[in-house]
Amino acid sequence: MTLKVSDLAVARGGAPVLEGLSFDVAAGCALVVRGPNGIGKTTLLRTLAGLQPAIAGTIDFPEDTAAYASHADGIKAQLTVVENLAFWADVHGAELPDAVFEAFDLVDLRDRFAGTLSAGQKRRLGLARLGVIGRDVLFLDEPTVSLDGFSVKMFANWLRDVHLARGGIAVIATHIDLGLDAPELDLTPFKAAPDAAGGSDEAFL
Amino acid sequence: MNLDFWSSFKDFIYEIYPPFWDAVVAFLGKYAVEVLSAYFASIILLVVIVVMSIRRSRRVRAQLTAVEARKDKS
Amino acid sequence: MSIWEYANPKKFITTTTPIVPWVLGLSIALLVVGLTWGFFFTPDDFRQGSTVKIIYLHVPAALMAINAWFVMLIASLIWLVRRHHVSALAARAAAPVGIVMTLIALITGAIWGQPMWGTWWAWDPRLTSFLILFLFYLGYMALWEAIEDSDTAADLTSVLCIVGSVFAVLSRYAVNFWNQGLHQGTTVPVATGERSISDIFFVPLVMCMVGFGLLFLALVLMRTATEIRARRIKALEARMRG
Amino acid sequence: MIALLKRDLALAVRAGGGFGLGLAFFLIVIVLVPLGVGPEAALLTLIAPGMLWVAALLAALLSLDRIFALDFEDGSLPLLATSPLPLEGVALMKGVAHWATTGLPLTLAAPALGFLLNLSSTAYVWLFVSLAIGTPALSMIGTFGAALTVGLRRGGLLMSLLVLPLYVPTLIFGAEAVRRGADGLSTTTPLLMLAGITLGSFALLPFAASAALRVNLR
């Protein structure tokens, strides 16, 4: 099981942003995506996750194994931590493992309403969802925002010891060092040329 | 719009220039004002849509040449 | 040279720009001749008196109001299937023309019916379905204005047009079911071809219909070209900013 | 998909006042009608079927834009889109959840409020039957409207403009069924048409709604 991306081009709002992007991520490996703000990290991850169509190139990995996590954690404030995770477990037809609460330090928050959590705790709950749904290919958009140093280390450990060890794949767009010995991909060279073809505006230029 | 307003309106425009209206009523019968107002309203609407379309077309064309000029310069 | 050739915006503009003035001129000429002929040289109806002359505006406008929505439906389908920007922009261009045609049909219908029905608005089923069509047009145009990104707008309005068409036809029959009907029979039933009006009325009527049709065509071509140019301005500005 | 339905119902009950919101609005509109139109019983009886249906329609419209807006703001819509659930299933469940929180309580409460408008005695059962058949269509059409305008600024207002014309057939057949019931005529044809619209909406509109969602998620 590998993630193969060949000659990928993505667009944002009708204008091409990245082009000629090719990389492979083998099972059990992660890939850290770097680049200045606005280069198209989020657009790339949304295209990989299938939320928006690519304008060129191919993305292939086993069907129905992708999961996407962005700045917004998709947490319902009126549900408790357990109910939030139980919902995502039901949606993905998986069981709610207790280990995930230790892995994300949510044990003592089990029955708290998500609305009463701090930003960091909400973030951990959002990431805990990844542990619950059991998806192999993860596309994470700055997962460690609003997390303190200890939580970042905890998340990195979970990623390395649980997810990658199980043969999972992760593509992470982040600015900080996760301490994973994962290859890094800088998107700057793949910035689309101003007159790149393929964007929906192209017919009008 | 109840009917008596309409009949008072008809009397009002009748006083504007009676001989003209006598000829019109002679030609169109008692529904002269209705027919004329229908034609008047429709033609006004047609003229509005045509004029608006033409004006917008001209305005956008001018903007486009301006933008293209700016593009060629830069 | 398949007709998809015209899907290219630049080619569309180069081909249509010269012919629009001609089509517009021809349609205005046809309308002037048709309307004056119908207005001055046709006798009054023994029952309705001179109000029958409103037929030359009401029937063609009503016909074009429905055809305009149909054109928008076809253009939306073409956009969803083949992703040609010209058809999406043509759908957007046709809506204002369609709404004006609907308005004309409503006003002339109300004025025409007023002497017989005794009130300005007698909720006659056919006129009511035009009122509902007017609301559909309003919603369609509002959705176009509400969205910045042109492609998203084109997709959403196409879906709305398709669903709206189904419900417009449903409303058409629901309204018939709801109120027996004061409207006179169809003057020119396209399906059966026989017509309930004598020849002297018929020729100017057809002329007015063709006139309205050409006017619609000219306006849609002109407005589509304008939409293409507006889209080009946005694209160029985005490029220069980018 | 049932999980999504259960979660939405739980959320509606805990946060949004759930079943009460649509019901309260329905009651208020019904009370306003005689205040506006005047207390003559004969007149109220005449307009009762239509007004009950219009009030039900407005109550359904009221809570439509929250269907997707909440999930869009807190980011769970993209997560649902990348989950094994088909988006059509998500749209369908959202429609059912909206019906359960607004349509169902309306259908149960409407006969109890009919007497406020002096509804004729034979019409109560038909009011219940027509609402039971018709309100699901209101919810599903509304879900489509909500999917179209999710993420747009001032989407709520725009959605009402888009959805109300789509409600016309349901309103006509629903009110007609109740009126015929009141006059003792046979109500089979309007009810059949109403059922046709509801079934058609549930069969086709989830696909249109999910297409709109996919576009809005881009």
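Which chain is which? They are A, B, C and D, in the order written, and residues in each are numbered from 1.
One rule holds for everything that comes next: contacts are C-beta pairs under 8 Å (C-beta built on N, C-alpha and C of every residue); 3 or more make two chains touch, one makes a residue touch a chain.
What you are looking at is a predicted structure, and each value in this text was computed from that prediction instead of being measured.
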Maximum inter-chain contact count - chain pair: B-C
Furthest chain, CA centroid comparison against subunit C: A
Geometric centre distance via CA averages, subunit D-subunit B, whole Å: 42
Centre-to-centre distance between subunit C and subunit B (centres being mean Cα positions), rounded to whole Å: 18
Interchain centroid distance [CA atoms averaged], subunit A/subunit D, Å: 37
Centre-to-centre distance between subunit D and subunit C (centres being mean Cα positions), rounded to whole Å: 32
Per-residue overlap in subunit B, given as positions that touch at least 2 other chains: none
Junction residues of subunit C, two or more chains touched: 232, 236, 239
Contacts with two or more other chains, residues of subunit D listed in rising order: 218
Listing of all chain pairs that touch each other, if any do: A-C, A-D, B-C, C-D
Subunit C partner contacts - residues on subunit D that touch it in the complex: 144, 148-149, 152-155, 158, 161-162, 164-166, 168-169, 172-173, 176, 189-190, 193, 197, 204-205, 208, 211-212, 215-216, 218
Sites on subunit A touched by subunit C in the complex: 13-15, 194-195, 200-201, 203-205
Subunit C - residues contacting subunit B, complex: 24, 31, 35, 39, 44, 48-51, 53-54, 57-58, 61, 96-97, 100, 103-104, 107-108, 111-112, 114-115, 118, 120, 215, 219, 222-223, 225-226, 229-230, 232-233, 236-237, 239-240
Contact set on subunit A toward subunit D in their complex: 46, 49-53, 64, 66-79, 83, 87-88, 90-93, 129, 133
Contacting residues of subunit D [partner subunit A, same complex]: 2-4, 7, 10-11, 14-15, 71, 73-85, 217-218
